[in-house]
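Several structures are given next for inspection.
Two complexes, one shared chain (chain A), two partners (chain B, chain C).
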Partner chain A sequence: MNPVPTGLAAAGVLAATGAAVALVLPARWRSAAVGVATAGVGAAGAAAGVAAVSGHGWRAEYPDVLPLAGVSLAVDPLAGWFLLLTGAVAVVVGVYAIGYAGRGGHGPGARGPLALLPVFVAAMLLVPAAADVPTFLLAWELTAVTSLLLVLVEHRHGPAVLPAGLWYAVMTQAGFVTILIGLVWLAAAAGDPSFAAIQDAAGGLSGPVRGGVFVLCVAGFAAKAGAVPLHPWLPRAHAEAPAHVSALMSAAMVKLGVYGIVRLGFDLLGGGPRWWWLALGAVGMLSALYGILQAAVATDLKKLLAFSTSENVGLILLGLAAAGLLASAGQPAVAAVALAAALLHAANHAGFKALLFCGAGSVLRGTGVRDLDRLGGLSRRMPATTALVCVGALGAAALPLGNGFVSEWLLLQALLHQATDAGTLWTVVAPVAVAVVALTAGVGVATFVKVVGTGFLARPRGEEAAAARESPPSMVAGMVLAAAACCALAVLPALAGPALDRVTAGLRAGPRPFEGGAVDLRLAGVGSTIAPLWIAAGVVGLAVATAVMARLAGRPRRRAAAWDCGDGPLTARMEYTATSFAEPLQRVFDDVLAPEQDVDVTPAAESAYLVRSVQYRRRLPDRIEARLYRPLIAAVEVAGRAARGLATGSVHRYLAYMLAALILVLFAAAVR
Partner chain B sequence: MAAYAVAAGQAVLVAALAPWLLGWMRAVRARLEGRAGGRFGQPWRDLRKQLRKEPITPADAGVFFVAAPPVLMATSLLIAGAAPYVSTRGPLSGVADLVVVVGLLLLGTVALALAGLDTGTAFGGMGASREMTIAALVEPTLLLAVFALSTRVGSTDLAAIVAAGAADPARVISPVGALAAAALAVAVLAESGRLPVDNPSTHLELTMVHEAMVLEYAGRDLALVEWAAAMRLSILLGLLATLFLPWGVATSLHPAALAGATALFAVKVFALGGLLAAGEVFLAKVRLFRVPELLAGSFVLGLLAVLTASVLA
Partner chain C sequence: MPVNDQLLSLACGLFLLCAVGVLWRRELTALIGLLTLQGAALAGIAVLLALDDPHPEALAVAVAVGVLKAGVLPWLLRRILARVPAARETAPLVNVAASLLAAAAMTLLAYAAARPLVDLAPAATARAAPVGLAVVLIGFFLAATRRRAVSQIVGLLLVDNGIAAVAFLATGGVPLVVELGVSADLLLAVLVLQVLTTRLQAAFGDTDLDDLRELRDR
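Showing the complex of A and B:
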């Protein structure tokens, strides 16, 4: 029996059951039942994914399910990789949601939001499994609609939720329209909507058609992936959605945009000319840098994580662009390494970002705030959450021992490879890309030091943080699952080697990127090796040995007040906050970030020198949004107002419009 | 087995040399400034004294403060063992490459920065914030230098780079080598917290970077931090020495070759340390917000090195 259809069928049945159960059960049992069902959907999807990446293919047609087009499904290793990723995130989120939604039956625990959760996961699993254009578009739109409804769950709690939902709705639908046009154009040019037929016909299509389809679809996919400059919905939606929804969206849904680009660029169109990949690489680099700079100066924890999603998507896109460029330059071996780096980074990002968003939800639940300037001192009050967030932050900072490091190492290996036959273009582009990755990694480290250092350590900076309490066991259990996945990816990435080999082989991208090896990742195209397990063992072993030896040789530890300059105990106001921590970076990147600062000095009466109070305000508006989207929105508004003049309510006028339209259509038909 | 012994030997060598190197650099500087200065072995005596003293944890600090010194020490020891200082035939050549070395250095920095924030004092946060800003900006330069160096051998494996340089010295003395060395030298100054980026002998709040982070450490903890920081300096100078003056590095595990390589390594590191100390006499610390300009300069050097490497290749 083929495990792929079994897994997918189980996921579908469980999703339907979960949705039905959510509508029927009383509030007390609802979240537990739906959480288990969602985890089950995820587990079934992940099982199907594992089967697919280990070599079980599957393909089926259901012509009667939908009128006109029917439904066509197929799972190859590439689809399997994304099924596995989405499923695994859903397991984490399902377990986490039991405690997060709670028993109260309000907010995320209400009937509708809980019923939508398993449906959203199932829709996401359907996207990689789709094997023709109509099925793909259907699954894509189902994902968009369910996620939009989930973003809006807490619309009564904050004034920022509705605008966030609106931004997301507009951008995701605009993206859908470009994908729709692109894929329909491609299917029309190929003469058949099934992916297999498009693949066969794509080679014979003319350059402009292929280029047009690529640009349209990649624009839509990049909007879904949150790449700069199509990102403004992301910090809003991720920040305002409930934590488990943010985790699902950031860790899994955003990756579907990546999946779309891989499927289209490498599989359906089978690679393309250089300008495609240069454009994609430029978007990737812009995303990586702009995302991490905004994250570095953000103080809202969830907004910071959302900008970091843009950054990681940028790195993934950069990997894909490098793969495409190297493949078009006749370097298939290194191209395969770059592609594997991008795919592995997608999995790593799914792991640590699911963990971090769940951690942010846990902090929000325990304290009621998500402003880093008012947090702190959580390492004593929420020890489990703190430890788990640290695992996620280590991965997100791409430091050794964290899971992000391995994929960034792979990406750097592909970029550092001096492909002399790849031409002057690569010679110029590669160093720039390396520098961008390095700066991104460096600022990323500073960002996550800020998150852990000011969010969780030392003294609480506000009353809310001082009264924090640990989250319920199910939330912690969900995070533990994610942390375990992160640790496994960090020390034993070689386990993913065969799967990535199969994915790249399935895409005909090049030879297998990995040369086997049980604990070390040996690259076939590039003469480099890494053994993360030994590095981790070395650091941990040496640290423990040092601590033990120093303790044996010396005296016991004592606790005493920190040096307070003789001025009484230190208060929380004297601590560095997240804003002050990021201030040097903000100054260094002043030209890019363009902060708006305001200093109001109120002098005491009768004296210009004695100051009564000083007020300092700083705002960091998203510059791209202000420059690009505000004018666009203003233009749309003007056009909308002008269009109002067309519809005055006069029946005569409407009849004239219809006549004109009819004449136009007849004319067009006659000319043709 | 012998390879593991070499790695352990290297780690011990660097750990033993590091305080002496510090003493030597202080002595050179004192002599050039017309002072008598302390004794050569003074840093070792300080370490011995502090190791016996009681460590004190600030009231608000948690596990990060306690864990940072051993973690910093562990990363330093691991790099000291993994890098091909004495022999290119270490056991770790397939485990860690130059990118991993850069990552491990950063991991140590992060451990200390978190410890600084964990104390809850203004100084700790100030030092951590400044240190992370500098660390973030050094990263591009470091990796571009790695790029330029790896181009010659087609691998980022440290042992391979050093072995290629030792086999063919003409490749090291080239425009690429000179540019990469200049870029890496500035990055090394910033990473090890030397002038003009950070002044290791100041406790002035306006200028402290490293010292501000470790202000709350005492006794054994302080000894570990100081020792590990001294080792980082030796490690970085050692990397400069082995990458750009690779002569004498053993390419076998023969005892005589190893002994010669050990002596030569010590000479090279002490010579570089002396040069650095002499140079520091003529330098003042630059403002924190002018450090990016310095690093931008070294970044350009790194970029030129990479471009030259691909043009000449």
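Showing the complex of A and C:
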């Protein structure tokens, strides 16, 4: 029996059951039942994905399910990779949601939101399994609609939720329209909507058609992936959605945009000319830099994580662009390494970002605030959450021992490789990309040091943080699952080697990127090796040895008060806040970020030198949004107001419009 | 040319002429008379087509069309007129001469645009199909350029007559179910418009649709 259809069918049945159960069960049992069902959907999807990446293919047609088009499904290793990724995130989120959704009330514990959760996961699993254009578009739209409803779940909790939903709705629908136009154009040009037929016909299509389809679809996919400059929905929606929804969206749904680009660029169109990949690489670099800079100066924990999502998506897109560029330059071996790096980074990001968003949800639940400037000192009150967030932050900072390090190292290996016969373009572009990755990694370390240092260590800076409560066991259990996945990816990425070999082989992108090896990743095309397990063993061993040596040989330990400049006890007011920690970075990148700062000094009566109070206000408006989107919105608004002049209320005028439209259509038909 | 085809051409000509006549005459009672005549012509087309290919269902459709378009709908319109005694004339926004010129232009356009439809089946029936299209356009034009609410009803009926004629002529007959559905729709629309007209009369003492302009939200 083929495990792929079994897993997918189980996922579908569990999703329907979970939705039905959420609507029927009383509030007491609801979130537990739905959490288990969602985790089950995820586990079934992940199992199907594991089967697919280990070589089980599957293809099926159901012509009667939908009128006109029917449903067509197929799972190859690429689809399997994303099924595995989405399913694994859903397991984490399902377990986490049991405690997070709580028992009833308005918000994530209510009937509707709980019923939507397993449906959203099932829709996301359907996207990589789709094998023709109508099925893909249907799954894509289903994902968009369910996620939008889930973003709006807490609409009574704050005034920012509705605008966030509106931004997300408009951008995701605009993206859907461009994907729709692109894929329908492609299907029409190929003469058949099935992916297999498109694959066969794509080689014979003219350059403008291929380029047009690529640009349209990639614009839509990049909007879903949250790449700059199509990102403004992302910090809003991720910040305002409930934590488990943010985790699903940031870790899994955003990756579907990446999946779309890989499927279209490498599979359906089978690679393309240089300018495609240069444009994609530019978007990737812009996303990586702008995302991490905004994250570095953000003080809202969830907004920071959202901008970090933009950054990681940028790195993934950069990897894809490098793969495409190298493939078009006749370097398939290095291209395969770059592609594998991008796909591995997608999985790594899914792991640590699911963990971090769940951690942010725990913080928000335990304290009621997500402003880092008012947090601090959580390591005492929430030790489990703090430890788990540290694991995630290590991954996000891309330092050794974290899982992000491995994939960024792979990406750098592909970029640094001196491909002597790859042409002048590559020798110019690759160093720039390396610099961008390096800068991103550096600022990323500062960002996540800020998260852990000001959010979790030191002393509480507010009453809410001082009264923090640890999360219920199921939330911690969910985060432990995610942390375990992160550790596995960090220490034993070689386990993913054969799967990535199959994915790249299935895409005909080049030879196998890895030469096998139980604990180390040997890169075939680059002639390089990394053994994260030995690195981890070395670092841990060295740390333990140093500690033991210090204990044995050094002076005996003594406890003493911290240095306080002789000015009484240290208070929380003396600590670094998130804002002050990021201030040097903000100064360095002043021209890019253009912060709006305001210092108000109120002197004591009649004296210019005795100051009564100083107020410092800082706002960091999103410049891309202000320069690009505000004028657009203003123009649309002006056009809308002008268009109201057309509607005078006169029935005759409306009838005349209809007549004019009819005559115009007939005239066009007659002239043609 | 067989007699049957000649009769068909005659019916189609009458059909188009009635539509032009509706634009020409101002008195609403005359409009209703012309509409009755047009309904009869449409029923004639349906009967001729049914005779071409004898089939009980096609004859039933023809009879139903005749009863509805030449009987029930004109009767309903007369009832409306009886309730609204003030409105005797159509009060056009575009004068009659210009309307007739526009009708000529629209007929030309219909013939030009319907060429692919004619090429589809080079028979007498298909050759007459543009007539239906022309009547659709004239109906729309009437609805858009006449003030009294009754004119809008007449325009709607012209549009529907035109669509029915195209359906008959291009496909050689319409299934009974489709015709029944369309007729029920039309009957309902006329009934609703009848209520609207009497309400307009009660509210404004007039049936000029431009009085509704006040209802627009600003």
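We take it that the second predicted complex is superposed on the first by the 665 of 672 C-alpha atoms of A that agree within 3 Å, B and C clash if a C-alpha of one lies under 4 Å from a C-alpha of the other, contacts with A are read in each partner's own complex, and residues count from 1 in each chain.
Criterion: contacts are C-beta pairs under 8 Å (C-beta built on N, C-alpha and C of every residue); 3 or more make two chains touch, one makes a residue touch a chain.
Fair warning: this is a prediction, and the values are worked out from it, not measured in the lab.
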item: Room on chain A for both chain B and chain C (clash or fit); value: fit
item: Partner chain(s) touched by A:Leu666 [first = chain B, second = chain C, both, neither]; value: second
item: Touching partner for A:Asn2 - first (chain B), second (chain C), both, neither; value: neither
item: Partner chain in contact with A:Ser650 - chain B first, chain C second, else both or neither; value: second
item: Contacts of A:Met658 with chain B and chain C, given as first, second, both or neither; value: second
item: Broader residue contact with chain A after superposition on the shared chain, chain B or chain C; value: B
item: First (chain B), second (chain C), both or neither touched by A:Ser580; value: first
item: Shortest CA-CA distance between chain B and chain C [superposed frame, angstrom]; value: 56
item: Set intersection of chain A contacts, chain C complex versus chain B complex; value: none
item: Complex contacts: residues of chain C adjacent to chain A; value: 93, 106, 109-110, 112-113, 115-116, 133, 136-137, 140-141, 143-145, 147, 152, 155, 209-210, 212-216
item: Chain C-touching residues of chain A, taken from the complex the two chains share; value: 647-652, 655-656, 658-659, 662-663, 666-667, 669-670
item: Touch list for chain B against partner chain A, complex; value: 51-64, 66-67, 69-71, 73-75, 77-78, 92, 94-97, 99-100, 103-104, 106-107, 110, 113-114, 116-122, 124-126, 128-130, 132-133, 135-140, 142-144, 146-147, 150-151, 153-157, 160, 215-216, 219-220, 223-224, 288-289, 292, 299, 303, 306-307, 309-311, 313
item: Chain A to chain B touching residues, read off their complex; value: 377, 379-380, 397-401, 405, 409, 412-413, 416-418, 420, 427-428, 430-431, 434-435, 437-439, 441-443, 445-446, 449-450, 452-454, 457-459, 520, 526-531, 534-535, 538-547, 550-551, 553-564, 570, 572, 574-576, 580-585, 587-588
